[in-house]
Structure formats: structure tokens, C-alpha cells
């Protein structure tokens, strides 16, 4: 395993020291692993808290700031944060208008957020929760833990964050967050596995000519293995999965997301094919994002996430945002 | 079984989890996200430290502290689940200074109930429940059969071990492994494997 | 070789189609491989043109826009652009105030830009050239092709672009560009090689416990091979090389740049060590950037670039910029 | 040597560069950036196409067109350098319909001068100059010695080949390989190797 780290045990805290040094707009509690907006809590504003295992950077800490999250809780690598972190974040961003928990649908995340919400609730903070579960590679049935939360998390955080910034009440912010999730779908593809620092070797092995289809963001193997093909064909497989689940039409927001080890050059190649697919389906590529946003350590591959926009969602997407990883309008 | 017994149990768990850390992580790598060994190692090391610092006076207080520490330190799915399990056991013991085998059995039932309430997993879903449930049944049976402590704990350990191995042919319906669908078949569930280690450690603690 | 591409021959043009679809603020001539600001040429404004081999994304096309470049010319992978591209770009951005060529110091880049400058000059466009040569790993002597241009290119493009946006004359823009370069130093480290699509296999082989010190951005092997160490030690080696060449002091702008295959998590770990090094030397970490900006395809590793700031340079760095890869203030 | 001869030369170069593409790229991978084979293959394929489209009437026009095409299509260091070399040769020929061996020698000198003016490389710097310069000298000597065309071109090819091989022990002082310092020693320069192929193709064109 070759990584730029000091030790396997200090990966997350060392990175948080770097995050703090890099972004004066953040207040980072390195020891407790909570990242706040420097100006949190904002009186009267609904607080947005998200969190999850580390290894998905810039998610979530890179989305803390004006118009997006008020706090993020990074867990150990690929391990959801513990309730203590979430409680400190929740209580620390409550400006009296309540707090929205944005939770990716993984058993660990769900359970830890649930415990924190109960305990913060006991302390008088009003907490609402939105579950993000956009990954169509997983069947949402009684026989699975339900669909995973992946790329749509960014959409939910951005759009709910923009609404919260206007002073909207918790119920509204939670409603729009759920609406974004409901209108979003994702599918991921890996060209290589991931190496978790504490594990020291790749989580799975892929042959030179193989890819994994329907992967998540934790280096879990996907649903099926397939031969490596042209980008165009791989994109078609991914987009068909998305489109079969929620047919593409109208104004669409698209994220082509790198898994961490794939160069931007290749992401643009993928994006060209995604744009062509949308055109073929008669949908409008109305807003877009290409880059490494919801990553899986050093995994090579990409995911594509679509969101069917309404006028309200478009307006909120376009609203100013100022975070380390997403910034426009100020 | 007194406070010392349960302290020894946690020592045994910490030791075996540390020794089996890579094995548990590799099981998790096959059908999960390769962190189960690191998670539990971190958690039980922290539990040992917490016990050393607080020296709880009763089995109940000790197990509640262990459970809370796991919840605070582990994260992931296993943190809240195991944390709740230990807390439920501890709460079941109340402030009794010593407990007997039957009380241990009841506490194990409570632990299992806590895990099932939180995780909503049934037996056969390929989770830690597949090791914990047979262990609880075996212990209850041993109590009914009037077995001695050593034998009873041995029966529970064997049942947990067997339950864990029996997860191999199952398709996961809960947790991260469920994402794999049929590809989860053929691998032992990491949480069931760690549960077998934890129950096995009871027996080891008893024979100290 | 595993890459998200359609074919080895169409890598650059396929990516340019994606770039065009992703960024309506750009006007992309895919066939000729020139990327313009949609509103180029701007009458009375000095035009900024840069270019170089592809494979370094977002450099340069990702830096085309308000407050930065007016056009970029991506060559084939790791191959400098040809004069035709550069002439089309130069003539296309000339708003009557002349054009600045920002050229990384590689023989190929220098020669091709030189030919273009001569030909555009013949056509009546006033062209000035700034050579970027910040890489301290290469000795700048008669016995080398001179120092390579790496991370400082971003600083030059941002700061000269900000000055050009104010309507400053070509001589001033060229002067500030040279000043930025003179005040900047870089050093790069690789944990893995790079695979050029047309070559189909890694350019060099590194053992499991080895790193390359003093690498450039084209997958060239570095000056020396060394054992893998803690991030802290690797950063010290890199920073010592920088500091020996131009001692760190005063207000400093720092870029910790990923080579393309290194996760952001690790870049933040590196950044923490860089920040600590600056503090140790008594220099002030006054502005900073962490991320993948000047990459080398899928190479794992990082480079660090420092620039000793003046008040003027700080002001120009802070000025609004709106490009695909760098954006603030609007 | 007439227009047809030089057209055959370009055909030969395109063929050999295409066949040796991977070899040239591997040489460049060792001390450069692994694109030399792709660069020249792209360039000479384009040159063939340009010739087919334009059918230039004289050797001079043909070589100027080849040089311009290389400059327009290759990029990198080798594009302008080889492009200039061919353009200088062509300009040297003017509009003569046919040239003799002495004139070819003078043109090769002009090509070399163009490369040296642009790249500022001396012999021994481990560049294409290390193959081109001995080739030019060998051709001049062959002319002075009154050798027949076949022998003369053979001598030039041998000198280029030898010059290319002689770059192996050198430390690079120009181009990308110079970044490697002493680590550039022990590898053949890719540009010198391609120059040897180009000069070698002259001989092959002559014996068509």
C-alpha cells in the first residue's frame, strides 16, 4: 500500500489539521472530528449537519459553508461517525430554528444519526432527518438494506442549504431535501478497487480487462463484473440503469463524479457521452457538474447522478454557495 | 459471575479481536467495506481503557460502560449494534454484585432483542444475529438442562461458532453485504464471525 | 491499461466535447482544439493564451474565463500544441491590446509557441511571452533544458489574468507574470508512474516501497528514487528543496497539488505538514489552494508550489475569477 | 533524385516509423514522456496524406510541404525540429526538378543547421543532432570520394545509426531527458533513433 500518510491511525485527524490550515472559513475541532462553518450557529437559520465515513472527500467537510452545510462529521475511513460527534455538531449549529440531518442510507450512518437525533432531541434541539438513497444499483426491497446514498447527497446538501440560507423553516428545508432525493438517481462504475489504509491492500481484485458495475462509494464490490469497454458503452450501461428507474425528461441536473483515482480528462470523456445520452432521450442538460465530489479514496471509476429539476430546485441550485469544494455567486 | 469475570471477558474480547483484526477485515473486504476488524479493535481497546479508568463496581455498570464506549468509539453499523447489546445486558443486570448463569442467559436474550430492535434483522439475514441467536438459545437450553457454567458457556460458544459458519451459504438481506445480492453468497458474515469471538471469549473468561 | 476512453486516438477531442457540454461559459473549437472564453476577444483587454500537452487537467482549459485565460490550446497527451492552434487562439483573443503567451519551459512548448508568436506577429498581433520555470528539481544550467514549468503556471495565469482584467497594458501584464514566476518555486513527488494512453503501459515502474523525487508533470522519472516514508518526511524533503532555492519568508501563497490519482484526503495530510513547515521557517501561510490543478494523468503523488507574495500580487490573487476550475468573487 | 524519389522517401519513413512506433515510444518512456513514437507516426501519416492531396511538382515543394505538415501536426519538441529540417532541405532545393548527391548533401547540412539554430543543441548533447550530424558528414565525405548514390546513402545511414547508438552512454543536456541528469545515461535518445530511421529510409528509397 502506497499512501501519503503519517500512520494508519492518524489519517483522519492529520487530514483535518490540513483542512483547518487550508480553509480559514471553517472552524475545525480536530480532536472531536467536527467541522463547523466559522460563523455557526446562525441565529434563526436552520442548521444543516451531515457526516459519514472519511474517504469520500470533499464530501462532506468540503461542503461546509455559506449556502450549504453548517457542520460535517467525518468518521474513520469508511466508518460512519459516532453519536458524540453528531451531537456536538447538532447542538453547535442550532440557531433556534432546528437542525436537519442529511444521512446517506447505510445501516451504520442511519443508526448513529438516529442515536444522536434522539439525544439532541432530549436536549431540546428540534431535529429532522432526510435519508439519501439514490443508487439504482441496489434494489430497494425488504431483502436489502435499501438503496445507498451516493452522488445525490451533494444535490441535497446544496439545494437544502440554499433554502435554509433564506431563513425557511425546518419543515420546508426537510421537504425540499426529500424532494431532491426523490428526483435523483445514481449509478457507479469502478475500474479498480480501493485500498483502505487500515486494511493495507485492495478490497477486491479486478483483472486487467474487467470493471465492476453498480459499485457504491466504500469499495464494496458491485453487483456484476463486466469486461472493460469503450467509455461510450460503459456510460450507456450506467445511464440505462438510471433511465429505467426514472425516465429522463425535462430540465436535468447532472453530476459526473470521479471516484478519486480517475483523471479529469477521462471524466470529461464520460461527460460527453452522458450529454449525448440525455440528448438522445430528449431531456435537457440544464445544470451540470464534472469532477471529484463524492469519492472512494483512490478508486478509479465514476458515478453519474441525475436530478429532474423544478423551477424551485433550479433557483436554489443557482443560489450563491461558498464552500471549499463548491463555490459560485460570491 | 462477578465484576471481575466480566472485566476478564472484555480483556479476552479485546485480545481476540486484536489478534483476529486482519481476519475480520478480510471477511468484511469480501462482502463489505474492509473496516470491521479495525472498528472492533478500536472499540474494545477503548472499552478496556474506559474500564481501567472508571473501575465500575458491578457487572451491570461495567457492561453499560462497555456498551456506551462502543457506541462512542466504533461508528459504522457494528458500533451502535454491539454497543446496544452490551448496554442491554448491563441494564438487565441492574446493580446486582454477582449474577448466575440463568441471569446471564436472560441478559443475552436482552442483548439480542436490543440488536434486533435496532437493526431489524431476522435470523437468516446473514448478520451478527445469526451467531447471537443460536448462542442465546444454547445458553437457555444449558440452563434448563442444569449444565455447569463451563459447559454451558462452551455450548453457547459452539452454537455461535456454528451460526457464524452457517452464514456462508446465505444471501445477505441486511447491512452492506445486501448490496451484493447473490454475490454475497459463499462468504462468512464478518459481524457473525466477531459475535462468535465475543461469545467464545465468555467461555475463555470463565476458565481463567 | 484501464481508462475511460473511447479510443486512444480520440482522447483529447472526446474530452473537449465533454468540456464544451459541461461549460457553457466556454467556446470550444473541438476540431482545432482551441478553448476560448465565450466572450473573446474583449476589446482593449490584453488577451492571455496558454497551452501545453493534454493530461494536466484542469490546466489549462479549466482556467479559461473571467479574470484568467482568454484561450487555451490543449495538445495531444503530453505533447505541446502545434503552432496552428496557438495562432488561432492568439488571433482570436486579440482585442487590440496584444496577447500574452504563458509558456511552460519545455523544449516542445517553447518551440511551438515561438513559431506561433512569429507568425501572429507577422499578422500584426503584438505578442509577449512569459516562460514559467519554477521546478527546483531541475538545475537551471547550460547542461539542462532549464527548469520545468509546473504549479506556478496556475499562479501566473491567475495573477496576470486579474491584472489584464483591469485593462492594464501588455507590458505591465507581462511584467507581473514574470514577477510571479520569479517568486515561485515547486517540487514534485510521485508514488506511482503514469500510463500514457498511446503507450498503453506505465512510463516507469516503481516498487511497492519506492517513490520518485523531483518528478515533472509528464510522467518523466524524477531525479532520484527513494524509499516510501511518512508524509511528514516526504514533505520535508520537498520543502527543503524549495526553501534551499528561495528561502521561505513573509506572506506566502501555497499550492498543494495532486498529480491526478491521489485522493484529496491525502492532499490535506500533505498540506498539514506543509503548513507546519512554513510555521517552522517563520513564513506566513497567507493564501492557499489544495487540490488537483496541474495533474499528470493518473499519477499518484503531489507537488508543492510556493510564491512569495507582495501586496500587489495578493490583491490580484484575491480578485474575482470565474473559470471551470477556479472561481471566487462572482 | 527527382520528386518521385523524395515521395518514396516519405513513404519509407512513414512505414518504418509506423513499424517502430512502439519502440520509439519505449525509448522515450525511459528518459522522456512516452510520446515520440505516437508523435512521429501521426506526423508522417499526415505528411503522406498531404502529399497525396497536393502532389507537389518538385523535390523542394515536396519537402517544404512535408516540413510544414510536421510542424502543424506533431507538436512537442520533435515537430518543430523535424519540420524545420524538412523545410530547410526543401528551401535549399529551390524549384529544381531533380537534385544530385552533392545537392542532397548541402540540403542535409541546411536541415542540420535549422535544427541546431532552433534547438541550440551541440553534438554530444544526446539529441537527434547526434545522428543527423554524422550522417551529414558521411554524405559530404561520400560526395568528395565520388561514391555512387547507393553507397553514399548507405554510408550516411550507417553513420546516423552509429551516432544514435553512441548516445547511449551520454548524459542528456537538451530536451526532456536532461531533467534526469545522470539517470539519462544508459539509454538511447529517441530522437537520435528516429533520425537514424529517417536517414536509413533515404537509402531504402534509393534502392526501390
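Going in written order, the chains are labelled A, B, C and D, and every chain counts its residues from 1.
Methods note: a residue touches a chain if its C-beta (ideal position, glycine included) is under 8 Å from a C-beta of that chain, and two chains touch if they have at least 3 such contacts.
This one's a predicted model, so the numbers in the text were calculated from it and none came from an experiment.
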Ask   = Between subunit B and subunit C, which partner chains are common?
value = A
Ask   = Measuring centre to centre with C-alpha atoms, which chain is farthest from subunit A?
value = D
Ask   = Between subunit A and subunit D, what is the gap in Å from one C-alpha centre to the other?
value = 54
Ask   = Approximately how many whole Å separate the CA-defined centres of subunit B and subunit D?
value = 74
Note = Between subunit A and subunit B, the Cα-mean centres are separated in Å by 32
Message = Quick check on subunit A: which residues sit in contact with 2+ other chains?
response = none
Query = Line, ring, star, complete or other: which describes how these chains touch one another?
reply = line
Query = Can you list every touching chain pair?
reply = A-B, A-C, C-D
Inquiry  = Looking at the complex, which residues from subunit D come into contact with subunit C?
reply    = 25-26, 29-35, 37-39, 42, 71-81, 118-119, 171, 173-176, 178-181, 183
Key: Complex contacts: residues of subunit C adjacent to subunit D   = 53, 75-84, 106-108, 111-112, 114-115, 137-139, 142-145, 148, 196, 198-199, 203-204, 216, 218-221, 223
Task = Using the touch rule from the top, collect the residues of subunit A that touch subunit C in their complex.
result = 2-7, 11, 14-19, 21-22, 54-55, 57-58, 62, 191-192, 208, 211, 228, 230-232, 234, 260-273, 275, 285, 288, 290, 292, 295, 297-298, 300-302, 327-330
